[in-house]
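Structure, as structure tokens:
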Amino acid sequence: MTFKVAVAGCTGYAGGELLRLLLSHPEVEIGALTGSSSVGDRLGNHQPHLVPLADRIVQETTADVLAGHDVVFLALPHGTSAAIAEQLSEDVLVVDAGADFRLQDPAQWDRFYGGRHAGTWPYGLPELPGQRDALRGARRVAVPGCYPTASTLAFLPAVAAGLVDASQLHVVAASGTSGAGKSLKPHLLGSEIMGNTMAYGVGGSHRHTPEIVQNLSLVTDQPVAVSFTPLLVPMPRGILATCSAPLTGDASAVRPAYEAFYADEPFVTLLPEGQWPMTASVVGSNHVAVQVTVDESIGRLIAISAIDNLTKGTAGGAVQSMNLALGLPESTGLTSIGVAP
Amino acid sequence: MTFKVAVAGCTGYAGGELLRLLLSHPEVEIGALTGSSSVGDRLGNHQPHLVPLADRIVQETTADVLAGHDVVFLALPHGTSAAIAEQLSEDVLVVDAGADFRLQDPAQWDRFYGGRHAGTWPYGLPELPGQRDALRGARRVAVPGCYPTASTLAFLPAVAAGLVDASQLHVVAASGTSGAGKSLKPHLLGSEIMGNTMAYGVGGSHRHTPEIVQNLSLVTDQPVAVSFTPLLVPMPRGILATCSAPLTGDASAVRPAYEAFYADEPFVTLLPEGQWPMTASVVGSNHVAVQVTVDESIGRLIAISAIDNLTKGTAGGAVQSMNLALGLPESTGLTSIGVAP
Amino acid sequence: MTFKVAVAGCTGYAGGELLRLLLSHPEVEIGALTGSSSVGDRLGNHQPHLVPLADRIVQETTADVLAGHDVVFLALPHGTSAAIAEQLSEDVLVVDAGADFRLQDPAQWDRFYGGRHAGTWPYGLPELPGQRDALRGARRVAVPGCYPTASTLAFLPAVAAGLVDASQLHVVAASGTSGAGKSLKPHLLGSEIMGNTMAYGVGGSHRHTPEIVQNLSLVTDQPVAVSFTPLLVPMPRGILATCSAPLTGDASAVRPAYEAFYADEPFVTLLPEGQWPMTASVVGSNHVAVQVTVDESIGRLIAISAIDNLTKGTAGGAVQSMNLALGLPESTGLTSIGVAP
Amino acid sequence: MTFKVAVAGCTGYAGGELLRLLLSHPEVEIGALTGSSSVGDRLGNHQPHLVPLADRIVQETTADVLAGHDVVFLALPHGTSAAIAEQLSEDVLVVDAGADFRLQDPAQWDRFYGGRHAGTWPYGLPELPGQRDALRGARRVAVPGCYPTASTLAFLPAVAAGLVDASQLHVVAASGTSGAGKSLKPHLLGSEIMGNTMAYGVGGSHRHTPEIVQNLSLVTDQPVAVSFTPLLVPMPRGILATCSAPLTGDASAVRPAYEAFYADEPFVTLLPEGQWPMTASVVGSNHVAVQVTVDESIGRLIAISAIDNLTKGTAGGAVQSMNLALGLPESTGLTSIGVAP
């Protein structure tokens, strides 16, 4: 059986990556492709790497155009998914790559995004305890943010095992520029980006902060708090998250906790001791490379994860959740093999 | 039926890309992986993106280790394939990614590479007229060089149709750094490469020059000569070849000639008028993007092609030829979809 | 004596590079800084590298604001310099980094830029025969385009000495992205640029084409024609121009012609034989590195030049011309030393 | 008066940057240039950006060659400076860009570098309280490491004012690749670096760790400990250090403490509130951009600094110290203006 899928927001980076993965997915057929300012254009003008779809014409994002599909992916600006989602049949699987349905607390939504909270959908991170089952058969899925995916997976085994002070989590996450989308902002121009590493959203203001807290609160009774500092580094894809916290448990329990936690995960690997994650090894793949150590000089656990922000951090995570929702094998159409160098 | 393949030179860039493609190829099983200075290492130390093979151990490159496979890929330094190839059974498909068996003229071999000419094997560029048939059932294949693939495919329709003066071909080809291999040379260090575009091998000295001449001589009775200038540009993968020659035919015949020539090719696309090739659209894919125009100010045809030097320019071309040699559909395990941005 | 200078267009790349150079120039004092959409902003928000000017406020670009300076630099969008220039006193030195006053032929202006031709000012390329004298004491200067600077200086000795067929000139010039300015266009985003080399404006349509022809026509009675193909490569700064033409003179005369032509130039160097230009060696400098050879296989001269498009290609050339116009030593405030790696 | 300077290790990145700065320094004359494997080569083959020195010949690094200079810079591999330094006259100013004479504790030297401790020289970080005076008239100077410069300057005001728990310092510092020198190691190849961010030396093993502790211990009676995680990011130059610690003082005292501490420093700037450091703004300059905030969610101070690892982090710091040692104005030959974009 083949599932017919539509992608709303097909000219952006999330939409492009969804289509790249879906083109290789054996159980889906690509239906409507919609956009906004690019309606009527050949897709090949916006996504020249998607050769088989080059002559497809971008349609308008309306409920009519998106009707008649088994799956609808929404890769739209934050705050705009709800309006279209509520017009789609409850029988259709709707997978939202935006932030609209991730947060459970309306106050947090209002503080970090502003405006009316749209609601909360099943959260598309199967590696969270209990979440894999919650996604099976779901008809609405909220895809996690890229930074929360990287940060959560780095901290999860330590927080779940009570090895760190969860109220003192600290993340410095270096991201490639596609995480900012195809936005026409001066600081995202190639001339500004190449040769440049910069910090932004420092001190608690980044929108992904409450999502990390929400995720990790699922596995501990302690209060969870995180200080999150994102860096923009000169590469198109990839996140390397350096996650640390005061060690409160036994140092010798750290590595076994990580090994056990990820032993059966299809897409998360604890690297052999001494090998550290690099983003180049996960480009284009759904793989998450994790390493962990304890810095004894200050008694601190340091866990580092590498993901591709567009794949596992967005479109790959979305397809992984789609597979679970549709009852397909979880890894269908996904790979753990990166494109390097 | 599954074919068992071995890769000699598994820690380099060509070997890594071969393995990346072979891991996704539905008709092969990966057998021995061999190297030289890395014998005994985990492959994961050298190719961390090849996650499913991370724990494989690199073996020594010997005829014994390579025996018992249906296909053996050689990704070895130039001049070293012959010694191992002659020890392999004639029934085994041997695909050489090096230069050893590309040239037909021993004098050219001696001039550009030096030493004894090893011989000539069927040349793995199916797009060359007659070559697809020559590859079917072959048991020895010489994989083309990356620059010759890009340059030949840009010029081929024009030279075959007699539209240009083939004795006055001119190529300026910008290449990413993986084309130089994993060689420890100062000018290939990241610090030197980033922010830098440089010319090298100017004036007729680059080894790929005679290979371009040999290819294009197949489709014309005119004498063929080419001036080839390679540039190193700051990106890991990709070749953009700007190929020009005096127009001797009718300008209006140019576009139809290209359209007709590539109409049925699975991996070569003539872009719509006004759209120019970019390397980002072919990263990780076997796709060749071509565009052509005539600059009327000096009566010159300008054809531009973009390929991924490691995929269509090396490992993808090798797998495409393997498919033909083994009687599989030519595109098996290959894609025309790039990884972008 | 100190000259007071104003810079109109201070938030763009040309304006920023002008200010970088002027800050180190011993004979100038920086006066008004003007912009358009950024009026009222701290300059530090737009040009954080210009630390001593960080707290300067961007003023509006009006004749009143620009009055009272000895020198006014215009770094404005093409087609907008004339309106402001004609309001400035004839005693003030006005140096236009835009294209408005470069071309002598109104028909070429109309064809490549469109609209009314503003006129022609002394052309700021002192290396052109006779031009150094023309710039001494000038009160209006048109700064050359970046591609014309690189291409002209690569071809000049060969064309002047009658060694090539000037009606068959061919240029493939790879440029960093700052050449496109701080324009908010999707293809200039960092995510699109990194890892990507692309061609654009192929086939005679690039606006810098007639300027190259105009320059080289000064040194030959032959008709001059050029085919110009620009490439965008993933680096912020630098142009590497590969310039070729059929050799019509004696190959042995080529190197001596280049040596003699540039023997006394302060900023142009013919590299030793065997060393080829690279853009990294000229970043931030006013230096032009040139190399030349003959490819005997097709009887073609190949000359390659490297410049920094923002320095010698724009702001450095502007300061060099200002020095001549003001009667200062030509190299004042300029360097031939690059910033590498 | 002009001081005659020699540079030992002239073909590496530190040596090249020293020469770039010294060429623009009005009070020095460049004497002997020495190397090891490159003895007899033109310097232009190794440092093509140093145009005025292109035809200088690299000499052997011996006491005889280095004799007769007023200043000798050593840019040699760690552990090799002592042997040559002890042969140089005590009247000569010797500035060591290596690690040999930085640490005061022989046990730390042995733990992090191994072998015999060479001794301790005046430490070339004038911004450390008391250190400016210690450098005046010195005849031996140890140039700080690049990471310690960035990290120390980010933490210094907070630690000195007792605003943080100095025993819980945490640094994640992203560095460009020139920090690793011109070493021929596979992970430093351009193909590996571009598009890649990786962690290394995590968990307390990086050699710069004890140097940070030593510096900050000068301004507090508390025990000092730091967890240091370096990242390699795809750019040639620059360090962005994200430095954090538990806030123990009053949040409102943080910004005033930083303002006061750096009010009179010629090369360190506290950015206006809301503007965060970026490495692009300090490329080629001796400037240090600092910003600080408090993340109230976990009560943690976060200070971020940006430097050019080769300039303020190595050669610029060396020249700044030389100026103090020679009695010249501290900023002579140095700039706070970066080269951007």
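So that you can tell them apart, the chains are marked A, B, C and D in the order they are listed, and the count of residues begins at 1 in each.
Throughout what follows, contacts are C-beta pairs under 8 Å (C-beta built on N, C-alpha and C of every residue); 3 or more make two chains touch, one makes a residue touch a chain.
Listed by chain with UniProt protein names: A, B, C, D = N-acetyl-gamma-glutamyl-phosphate reductase.
All values derive from a computational prediction rather than experimental measurement.
In this assembly, the chain whose C-alpha centre lies farthest from chain B is D. The chain pair with more C-beta contacts between its two chains, of A-B and B-D, is A-B. Chain centres here are Cα means. That of chain A falls 35 Å from that of chain B. Distance between chain B and chain D, defined via averaged C-alpha coordinates, is recorded as 44 Å. In chain C, the residues that reach two or more other chains under the touch definition are 13, 176, 178, 191-192, 194-195, 234-237, 278, 280, 283, 341.
Contacts from chain A toward chain C in the complex involve residues 13, 176-178, 180, 182, 184-186, 188-195, 234-236.
Partner chain A is touched in their complex by these residues of chain B: 13, 16, 20, 23-24, 42, 44-45, 47-52, 54, 178, 194-195, 236-237, 269, 272, 275, 278, 280-285, 287, 289, 335-341. Per the touch definition, chain C reaches chain B in the complex via residues 167-170, 172, 174, 176, 191-192, 194-200, 202-204, 209, 225-227, 229, 231, 233-238, 240, 242, 244, 246, 276-280, 283, 291, 293-298, 300, 302, 304, 306, 341.
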